[in-house]
Amino acid sequence: MVAVVSPTPTASRLSWLVPVVTALQPLVIALLLGAVVLAIAGHNPLETYGLLFAESFGSTKRIAATLSASTPLIFTGLATAIAFRAGAFNVGVEGCVNVGGLAAAFVGFTFVSLSAFILLPAAIVAAAIFGTLWMVIPGLLKSRLDVDEVVTTLMLNFIAISLTAWLVNGPLLAPGSANSATPMIADAARLPKLMRGSTLNAGFLIALAFVILYWLWGKWAALGFETRLAGMNARFATASGMNVPGLVFKMMLLSGAIGGIAGGVHALGNVFRYVSGFSPGYGFVGIAVALLGRGNAFGILLAAILFGALATSGATIQLFSDVPIEIVNILQGLVMIFAVARFSWIFSRRAKS
Amino acid sequence: ADKPVALVIAQGGLGDQSYNDLAYAGFQRALKETGLEGKPVESKDIVAQAADILRRASDADFGLILDLEYSHGEPMVEVAKDYPDTTFAILNQVQKGDNIVSVLFQEQEGSYLAGMLAAQVTTDTSIKGINDKPILGVIGGTKSAGIDKFIAGFIEGAKAANPKVEVKVAYSNNFGDPALGQQMAKAMYEEGADIIYQIAGGTGIGVIQAAKETGHYAIGVDGDQDGLAPGNVLTSMIKRADVAVENVVKDYAKDVKLGGTTVAFGLKEDGVGLSEMKFTKDLIPAAYLEKVEAAKADIISGKIKVWNVVDQGYPDYLK
Amino acid sequence: MNTVSNPTAARVRLGAHGVTRRFGTLIANDTVDFSALAGTIHAIVGGNGAGKSTLMRILQGMDRPDAGTVIVNDQPATLNGPADAFDKGIGMVHQEFMLVPGLTLLENLVLAREPVKGLGLIDRDKALGAARALEKEAGVTLDWDMLVDDAPVHVRQIVEILRLLYRGADVLILDEPTAVLAPSQIRELIALLKRLRDDGRTILFISHKLDEVMGVSDDITVIRAGRVIRSMKTSETTKAELAELMIGEILHETSARPGQQGKSVLVAENLSADDSRGVAKLKSANFTVHAGEIVAIAGVSGNGQDELIGAVTGLIAARGGSVSLSGNDISKLPLPARRARGLAYLSPDRAAEGLCLEASIAENAIVGHHRRSAFVSAGILKLGQIAAHAEKLLDAYSVKRASSDLPISSLSGGNQQRVAIARELDGNPDILVACQPTRGVDIRGIAFIHQCLLEYRDRGGAVLLVSEELNEIITLADRIIVLYNGELRGELHRGDGDIELIGRMMLGEAA
Amino acid sequence: MIDNIIHAALIMTTPVLLAALGGLINRTGGLVNIGLDSMMLVGALVGLILASGNGNWGVALAGAGFAGAMMGLMMSLCVTRLSANEIIVGLGFNIVAAGLVRFFLKTTYETSGTLSLPDVTRLPRWDIPVIEDIPVLGAIFSGHDILTWAAWLLVPVTVWFLARTRPGLRLRAAGAGPKAARALGLDPLRTKDLSTVFAGFMSGLAGAYLSIGVVGIFNEGITAGRGFIAMAAFYFGRTRPVMTAIGALLFGFFDAFQIRLQGRGLPAELVQTLPYVMVIVILTLIAIAAKKSRGVKS
């Protein structure tokens, strides 16, 4: 009888496992489904998964590649999460990545005579500023006129992509380039590499710093506290004396700033210019990262690393197997879908109620 | 050489109905003939993964890495320095390096011929579907120097044949939306164009569909697209990316020293040119074709120098 | 008048045998035995969180017991969901309203059993006909094309009940149906319930108001902490005994002492305001609240209370007139600024506005005060101080909780309300605008909250009390103003008026 | 000129409108469907395959609708039965569908990206005698195919369905008050599932419209994000059919317009943003007008 009421010592020692298992369960189901697809396509699932793992985490170089690929996703995940936190469904981070990336690249290839101590911060600040500016219109529309932010930010993505495409092929086109690209940025504007022979750069450290800041901000900052409450219950927050539209506006801008920095860091640390195909949808993956990480700082970090690992290993396993990229995409989608599913439902008798 | 070969696929991926698909076809032919091992590498995030993929392939002991992605030029120079024993190949641009081979195409030369042919045809009302207006159209996939290189050559060729000809230019901003291509083409046909040159991948397939539906003409690109709508594709401006890739791989297999060289594929090398016009040859008066042939000879001999947007920037008529 | 065929003259129309329901470690229902006899009104009473709603949900098939069975017509029965319960003639009006927003009253009435012509087309005439017949039976008239969102609470309540009749239910489970009604509306409802019973229907009635329970019911079951304490005939018990059974101790009624009127704190002059659709709801109201007094605004909901509260607190912009606080005009200030000047506001809608249900208990206790210099410096919260302060506050208001870090939704309604009051009175505001402070709270909680308000007043606080509970108003208020149709009428002083008089004034009958 | 713009605008509108109506029903039932694009893509492929070899276009449409509906069902089950977040599931479906389509093309047709099949039966266009020769009216009413007609007829039908019918009422109830619906013995989860199946069906048709109605081939980029535009359309219309249709038409019109605006000295990239800019501008104007009218009353 006693055993039923109070958990046994063994159970309590292993109780930390419960959330881990719960978190892994969807991943396992996604992998199982992926295995079915692989098997149908005539690939050995175990071999493929082994290869994917090795190409993501199998050596220092591969780990570096994974972290490098996850860097922009950490930023976009945080940018999205911060707007969600305030109750604004901002799907426009993709646009911010593009304008931010172009702004940083512009500073980086224009003011080439400046020293790194000035140029690098200036380029990142430019990215943040342009990302912020990009969110002013939807932020104002949402907070002042209650115009749905999903539509406006989605539209602004298309506009950002077209606008940057125009700039980079017209006024900002590198002479002698056959595709739309700015000139390369000055060496002084480049973020230092963390490891020779890899693309992992100081941008990842900045991303980590942002994760920690985001966590601290959510826990310790008065603004973070207010944002969370406003996002959970706007009426309550208003009645408690908060300026909810103002908060929403601020958080949309902050989201834009971080989105801009995502692009800036990507331009200064990896691509070294702005070029067509600069962002293959980092902003959209950021939505998944934010939701997968459940808005939690470390959840976002893990989710970004997961997607980064799939992106980087998905490309390089093609060197060692015949598994085509689409299988990797399918896998990615499955992980996304099932990572947010709750399978307890199936086993629970009364979940219906 | 017997180390394996990698082919890095450019943005747009396999299935773009043009550049990537063509290059991959040449790649496969070469592998079959030489018996070499080889892998294509695609990625959604191809721009950012440039160095990552090139290094991984080098580390994995691939002997030749062909890269179709334009934005990989500069990263390749960096990576190539660290792997002197690996040969790298980049297309559409010249990059310096002892172990880098650059492959260039003179698409403007082939486009010139296409323009010259179209400008002659467009006022010949004896041909079905042709009106008397000297109006031609071009639909490009994106506004970029790489695409405008085709367009400039086309316009130059058209003006050479008939200075009064007007060339309408539009961009789809999308290489994979045939419905859009079809609508754009129809809009151009409505405005009096009767021949449209498409340089827009999958979007361009819609242009050819529009030609077929409205009884006008399209000009195909990259591969021989004459068969997509027999009789409605006036000709195709073929860019032998497949031959280029095939040749590079074969040379590598034969241990020809490739590093540090630049291979050009123009009219002279048969790297670009018009299709054989299997379905339209009989429609077109022979005189027009003769004039095109003459221009081709002049370009090969150097008598005509066609404008190259990538090297020379934009000409006045395409600003 | 349609009569209900008494189903095979069963003695126990609806009941439970050994029903147990656990939520995690909490036992909400502990081997509950319960029998509602056919053709009776059976009241179920108990404190907040006693397990009343849980038991009712089980009896309506919304929830299933972990052990035990439901009894229908003397026989054990299994209820596979609410549809099954409806088939057996059992319907329920839930504690929280279960009307669909965005639908009209008529649509809500017929939802799930719509009369149709061919093609699934709803037969509006038939639906309206049925609605009119039900109206007659209940003795009301409704605008059936009104959207639920626009309907006042008592109308919604009526629609919920009519809906059960429409579905042909002869067992009506009503979970706190009177919590939001005015006295006259309560009387009407009770009369209706009695009529329905006399037609042979069986009614399960939950309320925290023991007067009502004594007045309406034939039988009473008392539940405490998930167990049935006793079932009895209403005629065999008294209010005092019920109260003692419910809470396990004897509760002393709050005694009303007159307050000491001080200087004027809140002055409203010619205040008028519109509702969200621009309809004038508050017309030129004038009143003053002094330090050390409780001024109550009595009125049936929908007569302008929301607009009055909104205009005083700054939640909505007034259309005209002015509000001043301690001599300063605050008419143009938004709510945060008014709060900063010493105004506190206890919302009538605890779940949606008064509390943030997903946030923790401690957070709910501190919100609004977290920018105090003791709790924040340079935008960084001093979490240690805040937690300590929250603990102190929660202890002072005896909030029963496992841990202050749990979401506040884990508390019972009474305890939730304590948190809200603790927060609003923290920091000694100049004036508290307290709206429906005891809605849905059990008798022990009510006594406690009343005590808090009186102590605050005695410390020199000013209270503007807006309530539909006349008993509450009589107990607490030093002055009573009646709000009818957007106008303030008559002013009564402590001891002046009786419930009947105020009730008539609320309906615009007397001045 | 104006005739041509009208005609082109209507053609560009049809797929967006079809999917938007599906999405609207879906959202009314309580699910915001970000995966419309994936259902469109699969519909486009299935439609083309069934219409090839001189197939029957009716069968092709049915097949495309069915394929989309199946995708909708799977998506809905993930949301309603596995309580997965609908936004992520939608994004995930877009990725998985794109991958599966490429994979299928590679393994079955040994092609990638584009599928061009012989003898594709195209959707017939109906010319209406007399009217077809009247300017403007002819462009509006003549020369359209069954799906264009269906899409526009469905607008009033949807209004009627939601306002007047039993399933319409239950759908609204499932979306706006699932708890209440359940308390009344309805099954809101199943209603939600059905509404997603419908959204999938409509998106499948929209896809088939692109592949066998407009171009006659399939390309993996054939939807070109029109599923997202459809989503924007029903957001634009605040889930009301007529406004949603206007939103879809707005896209179609400005799309047709921008094509014709090109090559007139304006940069192509900037002209192409016209539809998106217009949506923001119009939403803003509507919001300002709404605010003003509220201000006037008070």
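Just so it is clear, A, B, C and D label the chains in written order, and each chain counts residues from 1 on its own.
Heads up, the rule we're going with is that a residue touches a chain if its C-beta (ideal position, glycine included) is under 8 Å from a C-beta of that chain, and two chains touch if they have at least 3 such contacts.
It should be emphasised that the depicted structure is a prediction, and the values quoted were computed from it without experimental measurement.
Chemist: Tell me which chains count as touching both chain A and chain D.
Modeler: Chains that touch both chain A and chain D, as defined above, are B, C.
Chemist: Which chain pair is joined by more contacting C-beta pairs, A-C or B-D?
Modeler: When A-C is set beside B-D, the one with more contacts is B-D.
Chemist: Counting only C-alpha atoms to place each centre, which chain is farthest from chain A?
Modeler: Comparing chain centres, C lies farthest from chain A.
Chemist: What whole-Å value do you get for the distance between chain A and chain B if each is reduced to the mean of its CA atoms?
Modeler: Whole-Å distance between the two chain centres: 36.
Chemist: Approximately how many whole Å separate the CA-defined centres of chain A and chain C?
Modeler: Taking the mean C-alpha position of each chain, the two centres sit 45 Å apart.
Chemist: From the mean C-alpha coordinate of chain B to that of chain C, what's the distance rounded to whole Å?
Modeler: Distance between chain centres, rounded to whole Å: 75 Å.
Chemist: For chain B, give me the residues that contact two or more of the other chains.
Modeler: Chain B, residues with two or more chain partners: 13, 143, 173.
Chemist: Do you know which chain C residues sit against two or more other chains?
Modeler: 62
Chemist: Can you list the residues of chain D that touch 2 or more other chains?
Modeler: 102, 267-269, 272
Chemist: What chain pairs are in touch here?
Modeler: Pairs of chains that touch one another: A-B, A-C, A-D, B-D, C-D.
Chemist: What residues on chain B touch chain D, complex-wise?
Modeler: 13-17, 21, 143, 168-171, 173-180, 182-184, 186-187, 190-191, 202, 205-206, 209, 228
Chemist: Across the complex, what residues on chain D touch chain A?
Modeler: 78, 81-85, 87-89, 91-100, 102-103, 106-107, 225, 228, 231-232, 235-236, 238, 267-270, 272-273, 276-277, 279-280, 283-284, 287-288, 291
Chemist: Help me check something: in the complex, which residues belonging to chain A touch chain B?
Modeler: 55, 61, 65, 68-69, 72, 162, 165-166, 169-170, 173, 175-181, 184, 197-199, 266, 270-272, 275-278, 280-281, 311-312, 314-316, 318-320, 322, 324-325, 329
Chemist: For a test of understanding, state which residues of chain D touch chain B in their complex under the given definition.
Modeler: Within the complex, chain D contacts chain B at residues 1, 4, 8, 11-12, 15, 102, 105, 111-114, 116, 210, 214-217, 219-222, 224, 255-256, 259-260, 262-263, 267-269, 272.
Chemist: Under the touch definition given earlier, write down the residues of chain A that touch chain C in their complex.
Modeler: 5, 219-223, 225-226, 228-229, 232-233, 235-243, 350, 353
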